[in-house]
Amino acid sequence: MKKDFINEDWSEVVVIVLERNATEKQIENVIKHLEDYGFSVHKSTGVEQIVLGAIGVQPNFDSRKISIIDGVLQVHRITEPFKLASRTFQKENSVLKIKNVELGGVAIPVIAGPCSVESEEQMMTIAEIVKNAGAKILRGGAFKPRTSPYSFQGLGEEGLKLLRKAGDEYELAVVTEVMESGQIEIVEKYSDIIQIGARNMQNFSLLRELGKTQKPIMLKRGMAATVEDWLMSAEYILASGNKHVFLCERGIRTFETYTRNTFDVSAIPVVHKRSHLPVAADPSHATGLRDKVVPMARAAVAAGADAIMVEVHHDPEKALSDGPQALLPKQFEDMMKQLKAIAEVIGRTM
Amino acid sequence: MKKDFINEDWSEVVVIVLERNATEKQIENVIKHLEDYGFSVHKSTGVEQIVLGAIGVQPNFDSRKISIIDGVLQVHRITEPFKLASRTFQKENSVLKIKNVELGGVAIPVIAGPCSVESEEQMMTIAEIVKNAGAKILRGGAFKPRTSPYSFQGLGEEGLKLLRKAGDEYELAVVTEVMESGQIEIVEKYSDIIQIGARNMQNFSLLRELGKTQKPIMLKRGMAATVEDWLMSAEYILASGNKHVFLCERGIRTFETYTRNTFDVSAIPVVHKRSHLPVAADPSHATGLRDKVVPMARAAVAAGADAIMVEVHHDPEKALSDGPQALLPKQFEDMMKQLKAIAEVIGRTM
Amino acid sequence: MKKDFINEDWSEVVVIVLERNATEKQIENVIKHLEDYGFSVHKSTGVEQIVLGAIGVQPNFDSRKISIIDGVLQVHRITEPFKLASRTFQKENSVLKIKNVELGGVAIPVIAGPCSVESEEQMMTIAEIVKNAGAKILRGGAFKPRTSPYSFQGLGEEGLKLLRKAGDEYELAVVTEVMESGQIEIVEKYSDIIQIGARNMQNFSLLRELGKTQKPIMLKRGMAATVEDWLMSAEYILASGNKHVFLCERGIRTFETYTRNTFDVSAIPVVHKRSHLPVAADPSHATGLRDKVVPMARAAVAAGADAIMVEVHHDPEKALSDGPQALLPKQFEDMMKQLKAIAEVIGRTM
Amino acid sequence: MKKDFINEDWSEVVVIVLERNATEKQIENVIKHLEDYGFSVHKSTGVEQIVLGAIGVQPNFDSRKISIIDGVLQVHRITEPFKLASRTFQKENSVLKIKNVELGGVAIPVIAGPCSVESEEQMMTIAEIVKNAGAKILRGGAFKPRTSPYSFQGLGEEGLKLLRKAGDEYELAVVTEVMESGQIEIVEKYSDIIQIGARNMQNFSLLRELGKTQKPIMLKRGMAATVEDWLMSAEYILASGNKHVFLCERGIRTFETYTRNTFDVSAIPVVHKRSHLPVAADPSHATGLRDKVVPMARAAVAAGADAIMVEVHHDPEKALSDGPQALLPKQFEDMMKQLKAIAEVIGRTM
């Protein structure tokens, strides 16, 4: 049995609106329940409505428990459900140091590389290209979460070795994805940053285990995750002991089908308002189409992203996965120049 | 009875996948139906599947008519449902001339002003502010579509006069919204551009009527509209005779509730790919929160928007509608400088 | 200039959570603003957080006005934004009498007929079929809101006459859609119920005008409308003077593309909880596919719908619109027997 | 390195629409690429458009590879991306035997029990209640995926033992959730069915591992999963060797916030059309509110669900998780009578 985390110094605020015709007895019953749950209750009587405010030490109270009591019209949970990830808890931006790269400060590092690690030649070629254009971190998947069981699933440890070798050769930090707890040990050995993919954003077992390492974690947003859900998943890692977390926006699922996902650029300033954690942006997965990647990378920098991650391939027609969204080397170089110029407009560097 | 538009030179392509165990008789029946509908049919036989391709002069054929015939597994309509709005139909960008403003060319005009016209003093004050900071077009609502019947509904014709007066005084073109056909005549008299709001994007009666004027139309995207729906609504106006149309992205409805809507920045390059019509962006309505407007305006320019529309108010706390999303004068000035610098990065001007 | 509605006896409740480190001066400033807006304010001080409750006569207060004041972390508007449509305002179910049909009571009337009125023979044939199978109301579109300007747009007044004639001949009440204010007079003359389509649910001009008639109104849910938006649109009609309103669920837009829309069956009990207005269900438009209509009609009755609307056509392959979602006569008859049996399980009749 | 699955007898159909002004050279280049990828190509020339049809042995071909070649306007992938889960592959319904319960046949078993296993007394009390009312399978969570790290995380193996004991005592099959590969062995030991939760629907590592067992798997739909994604996840399990799979609809995430999720009742007939796998429905998680559970359970049976899963608790105010959505014993009994009567209307039993 796993122990729950406890946050004793965390108060909870709930507001209860009573039905217009609630009886005195019903009102007393609601108040009694709230007090039994450990809240102190304040009652406000308006022209037509009675409202109860309840404040108490009840972390993550399920407010629906009150909503089913007779006489209750609505219950509003006021407190943010996360704490360690909250801007209220820490005013200053978190800045992560990853080898010689700073993420969350004034500079905006670019993470680039192929979707999947395919071969030594491929990794060396691409690492050189992205390094020369100014990237600071090399990406490459060794364990691939593929929607179809019939698609290429990645090279595994062999891929991790090639990624590390290319990173070392070109003095780039490296990032790769982990898909299950059993892979953490080996990925930790080879990678500077561990990525949690969108489909695992609420794999709570994995989040807990990653909380026990001290590696920087890049937590991608789930396709159906609100910003609040996303910060709750970050809270899992933080509460488990690892403070080195940054987020990565990669598109959400909406009714629009022309793009693979809808890139929620506004999530960038929203995260900055609500949390001290840095937030990166991945326009490659968000759009799924090469010719949309560059304008969306520019938009993300303009909106305040703390890092940009894009896929680059020197021969995308032959790529084993996601070739159509990979930038060509020349496109990547041109993009880097534009991003640098836009960063400067808002007082940042690359 | 209204006459339907006809596009005789518009071919339609439909692909039909048959069930694996479809009988010869069923296949013949499907082909017969297609030929009766006026298609010429090509049959391709694969290892396990038979596929029919149908090409013919059948504008806006309802492909579900085929999907319900026995033996049919899937039907795919291949042709784009719009024509006049399509990049296939017109390769070059449409450029609109609105008084001395060009929209859709290299320059990116900024449209600014209050949500609602409230008084002469208000309009004159705000027009001066936005003119001095570099705006080219003045906005202001006289007929307001409000979710609640109890909210301020606009000044009507009085508001139109004040908008016109402020525009003339500060040499700004003006734009305002029309909510129903009965208002077109009067709005046409006072305004240089007529806005169709998000909630009226599929008010087809209104689209048809606006197609009969020659005023430039700004067509906002509906909250649940795909890019294809949106271009279909533009097609209504174009097919009715008015070629002066531009689009305006203003956010779509998604599961995310922290922002009022999700600003679909990627719709900008998507529209540019599929259509020759210019596309503006309105970050004020998309986000609903002042502190998100500036980063999202920057993102829209970086993504290639052809115009930016923002709300500005000199005293937003007293605004009769949407004050909380209006920029303060100083914020607007600072934003204009940033937008100009970003425009230059991508070879455009302001 | 249109006058706003006023509801003097309607109190508004807003809850404000202050930032942890809000200064005394900031708190005073927030309270002063609230009092200036006419609220009486209650302050609750918890272990770590200060919460203000504000109650006052401020119908449809824009709570974002408070959220932008320094020191404010969150603002929650507690009061429901609608009143006349609310279950709080009227405890008992509204029951509409439409000719000899009751809608909102124990019996569940079925509304059936073709998508579009096409000819006298068609209307007479279908009216006889649906009457014999137990339908109480005949549907048929004369003014058609079509996504494409190139699709059939309806017969106009000629269609209204045919609908009326078929209704009279078979003693069925009739319903048809109105697309703009200019059509109200003529539709009112021929139809027993006026339908507002999904795309016009927030055509506020039209809602206001329909509020001036005394005809029963069927208000379809917009594709991107929350239940709250939908009830706000009902409120427009009610506040304008017409109490004879019922709602119709017809599917919302989601990421799922296999069905045309996602039929939100749970909206039926949700509306019953929040409003006294009856709620019908239209599985034909929700799913767009004939073979999904019958199971979804059964689901809607099982969930408590007050009326069911389906499309029926005796020769759907030749239908001028939406043939693929129309039920065949035999399917309709079988469905009617199933719906009747399910209605009885939950104490209702057909 | 994991080996990919191969399906040699699975042909792939892709349709390519060329741009109107595509040159002969471009067209040849597209055809060459398709042939290099192993397709045989058919060219159809229409009035204005050229369309290529490509059929070949290319399972899970990434069609975007073609969409980026010059001269290509659109690419449509025609083949369904799943095979073993498809109705095309197996015409007859799959029927699972779980102890003495049949799932997928005429009878509709009900799965009931608490959200979390809390104590022996709790499990025995609830097992007796649900058994007496006619349930066939007992549910109870031992490993709980909770959004917040501060919420109750389940009793672990102790919970599994209590679930098994209660199942044995009352002759009920049992189902419980597994959150990670490391838990499979122990859950397999105690449970008759293994549940994959919505948040793990695309945890591909877990799906693969469960494919190696022979236990029946209940695969819940992810909140952002299309029916196609969902069937692809089932395909993972089937392709890994476990044929005993059924699905469970539990609501998708939409813009509507009044209910926790939007229960997609229409997914039930859609799955039946596209797949031979049985599909259950869980109205408790879909709605999150007790008073919506019963109408939605009725709707699911009326729509054709093969099993119903609901949460039941004898003392929901004290439940450690999700008490507000648990049915009271009396509500459950009444619901069972209604479900039985509705099942009979459509020729099924309970």
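Observations on the structure shown:
We just call them A, B, C and D in the order they show up, numbering each chain from 1.
The working rule: a residue touches a chain if its C-beta (ideal position, glycine included) is under 8 Å from a C-beta of that chain, and two chains touch if they have at least 3 such contacts.
These numbers come from a predicted model, not from an experiment.
Farthest chain from chain B, judged by C-alpha centroids: D. Relative orientation of chain C and chain D, expressed as the C-alpha superposition rotation angle, is 180° to the nearest 5.
A count of contacting C-beta pairs for A-C and for A-D identifies A-D as the more extensively joined pair. Here the CA centre of chain C is 31 Å from the CA centre of chain D. Chain A and chain D have Cα centroids lying 26 Å from one another. Measuring from the averaged C-alpha position of chain A to that of chain C gives a distance of 37 Å. Counting partners per residue, chain D has 224, 252-255, 257 as the residues that reach two or more other chains. Taken as a contact graph, with one node per protein chain and an edge wherever two chains touch, the assembly is complete, since every chain touches every other chain. By the touch criterion given at the top, residues 224, 226-228, 252, 254-259, 262-270, 273-274, 286-287, 291-292, 295-296, 298-304, 338, 341-342, 345-346 of chain C touch chain D in their complex.
Residues 1-7, 33, 59-60, 62, 64-65, 67-68, 81-82, 145-158, 179-182, 199-200, 202-206, 208, 222-224, 229, 232, 235-236, 239-240, 252-253, 288-290, 316-317, 321-325 of chain B are the ones touching chain C in the complex.
Taken together, the chain B residues at the contact with chain D in this complex read 9-11, 13, 15, 17, 19-21, 40, 42, 44, 46-49, 51, 53, 55-57, 73-74, 76, 78-79, 88, 91, 253-255, 257.
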